[in-house]
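The following pair of complexes shares a single chain, subunit A, combined with subunit B in the former and subunit C in the latter.
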Partner chain A sequence: MAHQVWLIARRSVVRTFRQPGVWIPPLTFPLMLMAVNSNGLRAATHLPGFPTHSFLAFFMPFSFLQGALFATGIAGTDLARDIDTGFLNRLALTPVSGAALLLGQIGGAVGLGIAQTVVYLGVALAAGVHIDAGVGGALLIVVLAILIVIAWGNLGLWIALRTGSGEGVQSQFPLLFFVTFISSINLPRNLISVTWFRDIATINPVSYMIESLRSLVIVGWDGEALALGFLCIFGLMAVSLFLSVRQLKVRMTRT
Partner chain B sequence: MRFVNVAFAVAYRQITVLLKNPSLFLPPMLFPLMNFAAYAGGLSRLHQVPGFDFHGGYTAFQFVFVLLQSAAFGGVFAGFGIARDFERGFARRLLVAAPNRSGIIVGYGLAALFRWAAIAILLTIVALIAGMQVGGDGIDLFGLYALGLIFNQVGLLWACGVAMRFRSVQAGPLMQTPVFMALFLAPVYVPLNLLRGWIHAVAKVNPLTYIVEAARGFIEGQPTEVGMAFGLAVALLAVFAVWARTGLANAERAG
Partner chain C sequence: MGRSDRGIEAEGLIRRFKDVDAVRGIDLRVAPGEIYGFLGPNGAGKSTTVHMLTTLLPPTAGRATVAGYDVARQGPQVRASIGAALQEAALDPFLTGREHLRLQASLHGIAGAERKRLIEALLDRVGLTQAGDRKVRTYSGGMKRRLDLALALIHDPSIIFLDEPTTGLDPQSRTALWAEVGRLAREEGVTIFLTTQYLEEADVLADRVGIIDHGLIVAEGTPAQLKAEIGKPTVEVVPESADELDRLRALLRRFGDETAARPGAFAVQLDGHGALPDVVRALDSESLRAAQINLHEPSLDDVFLAKTGRTLEGAEAD
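What follows is the complex of A and B.
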């Protein structure tokens, strides 16, 4: 099984990095948004109770989430293309297992996720962001960011298996973007004054993913934030993997 | 007359395609609503930042930005349609059949206007339900929507020029990213006087800043820099009309 995952993942990684149009926007766009928003929203640090004086430090974790969103699109679109071109059908004739297929398919997204995490973290550190949790915290940020990419990437695979088209995957992007925005991404939850927004942000797992990353940057080692973050990431991973495996069986039956 | 016939025929076809394909129509319609909910809901506390000098409430402050953003992107998304027409060969048949080819651009422009009108109506209704304060009178609101209309056509003409030069949907990021960046380098979340550092310097020379601030003045009932805003909007319209027309000439030469 490990060999099967390796073969499919290698193909996925090579395919992703051979197309600059696929990996350049996910690397640059979140950085541009980080530069613009961290300056545009700097005035928010004057609000009473805002947890840090640096909006860049507060906002930086958003880049990892945005990178994960791109991972959803990349993993989903690649699988949709494989469905469209009949590659998945040919693969179904080989002894490769469904789990290996799914794990391997997000290889490209994970490879890009690692590159994204290193670049975002490097740029943030170069821009003067101080990680309160130290070197260990920075390493944990990398681990969390990669796990988030895997969880969201699986969601992309499920959408691809369900819709069977790249357009179907892309059309879900605004919805996923909205889910990330309706969270504590721009302001801490206790500073969100609109009740319905704060309530949705409180039940939105994205808030806890962001807050776990953010806690390492601006608070230090916060056990509760980290536990909630890991819980939400593994929860999303389990749900999206379950849905993908189930949908893969349906698609294989159809073919 | 031939010009008008071509324009209406292209517009009629584009609008029909749009209405018959909810996957093309709905995401661009939902995206501004999601942005509006995320900004006006999640960031409403920002109006308490010392020096925030817009008195119409944060909902109205963000409504104006999202309205203008939807106008520009309504035009850009129409540009995707032009690129798709080239990929599928329809645009080449259109170039052969149309007795007046400038009418093609105007037809796409009318379709973009229809698309944005639907979005603007829906966004306005949602904003009013959300309790947006409107301080401006009828003339002010006419000015606000007129700026939106011009901005919509600027977005379309930019995207049209790109689509006709590249003749592929793969040029999509090139159509979107500059518009996105130009918009976000204007005062998005707080007024210009609250921006600090390089973003303040860039926003001060960004023509879109004048358009956004004038539009906010309209809804607040305190029109500001109206002549400058309309002058810049019309100048952008003229520049991008030339860009689109030379793009059409490029497509004609390519056959």
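What follows is the complex of A and C.
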């Protein structure tokens, strides 16, 4: 099966990187947002209890999550196109397994995720961000970012398999962005003064994904933040994989 | 090339989608090495039947075997025995032709030098060697269809399903594809199940034709049998001189009943009292000079009309 995953993933990566319109925005938009927010919101670092003096260091991990959201769209849209063109049927007529198909399909998104992570990290380091957890922490950031891409990417696959259209995938994008923004991306949860916002941010798994990445940048090795982050990422991955596998059985009804 | 000695068999094949009966009980038998033309208008149930026979869709009822394997219970074995080019050329516009073939071959477990050899041979066979490294989005419709056919052949299947393979192609590309399909069956013994809405395609290519309408096969046989079943040929003669039309009328009535003809011509539907050579001999013996003699064979559209009450073109508009 590993070979099948590799074959499908390679095709997904090749296809993604042959479409500049697909990979340039996810590489550049998060950087732009990072630049704008780290300047526009840096006064937030003067708030009592704000965990760092650099808003760039605080905000930078959000880029990885934003990149993962783009990956969701890419993985979903690509699969929806395969359904629409009949390419999924072509693959279904080969001995490829359903699991290999799903894992391979997000290969392009993972490839892009790796490129994004390296670029975001490189830009942040060049801009003076210091990774408190050191080189090991930077490597763990890459691992976490890839896991987040897989978890969110499978959500994109599920939506694609359910709707069968690129438009269907794109229409879910604003909702995912909304969920992402009602989290601790802009402020630590303890500094969010609006109660309902803080409550939603507290139950939103996105907060813990961000905080695990952020802890490596501004705190160092924070076991609790990392454990909660991994828990949320694997939780989302389990749910999104379950949904996409189940939906694949509905969509790909080969005997 | 090891070919299966089993073709395709279906008995009472049914497929329902919620309230719609797409296929309502199909019985068919395709012999090994035969080209079977599955003719019908859009929405008749052709593609649904192909999807069931290629294991992409489980039948609601009935049974079918392909290459001797049950489509409902032995899907992987069926898929290993068949190649398919389904309705649209299902290709990735961002991959090259060669990359498509490499992916397809690898997924079928073909690797190394054998894969390379096969890819080059297939590209050559479908005339895409020069274009093999171009992205598919730069291909014409005909090139896409030829690549589609090469992909269906990569694992040397004994049975090939072609779902409307020439829809949207220009006449030249269509003829080239017909030649290749014909060669596959005649020279390599591949069984071909071909769906089409083109009468000419079924007529030219198929050894036998099944006509499907509203999910049921309404007629089946060789094109010649089907045409013979519903009507006899018509002979239309235009005399060299209009003054001889009455003499011509009298002569031709000996061969059959009068039927509609162009102005200045006379036509009869041959009733078995002679064929075209007899008509020519009679004209000659009575010194009747003809400016034109036309023989109209019944077409498959006439068969469709006789079996369904509609022309194939009319059925498309339903």
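One rule holds in what follows: the second predicted complex is superposed on the first by the 253 of 255 C-alpha atoms of A that agree within 3 Å, B and C clash if a C-alpha of one lies under 4 Å from a C-alpha of the other, contacts with A are read in each partner's own complex, and residues count from 1 in each chain.
What we mean here is this: contacts are C-beta pairs under 8 Å (C-beta built on N, C-alpha and C of every residue); 3 or more make two chains touch, one makes a residue touch a chain.
All values derive from a computational prediction rather than experimental measurement.
Applying the stated contact rule after C-alpha superposition, one finds that A:P25 touches subunit B and leaves subunit C untouched. Of the two partner chains, subunit C is the only one that A:R11 touches; subunit B does not reach it.
In the superposed model, A:G40 makes contact with subunit B only, not with subunit C.
Once chain A of one complex is fitted onto chain A of the other, the partner contacts of A:V194 are limited to subunit B, with no touch recorded for subunit C.
Once chain A of one complex is fitted onto chain A of the other, the partner contacts of A:N186 are limited to subunit B, with no touch recorded for subunit C. Subunit A is touched at more residues by one of its partners, and among subunit B and subunit C that partner is B. Using the contact criterion defined above for the overlaid structures, shared-chain residue A:F178 touches subunit B, although it does not reach subunit C. Contact with subunit C, but none with subunit B, is seen for A:R90 once the two complexes are overlaid on the shared chain.
In the superposition on chain A, the residues of subunit A contacted by subunit B and by subunit C do not overlap at all.
Listed in rising order, the residues of subunit A touching subunit B in the complex are 21, 25, 29, 32-33, 36-37, 39-44, 46-47, 167-168, 171, 173-175, 177-178, 181-182, 185-187, 191-194, 196-197, 201.
Residues of subunit A touching subunit C in their complex: 3-4, 7, 11, 14-15, 18-19, 82, 85-87, 89-96, 253-255.
Partner subunit A is touched in their complex by these residues of subunit B: 23, 27, 30-31, 34-35, 37-38, 40-46, 48-52, 170, 173, 177, 181, 184-185, 187-190, 194-199. Those residues of subunit C lying in contact with subunit A across their complex are 54-58, 71-73, 75-76, 78-80, 82, 84, 86-88, 90-92, 94-95, 99, 103-104, 106-109, 135, 151.
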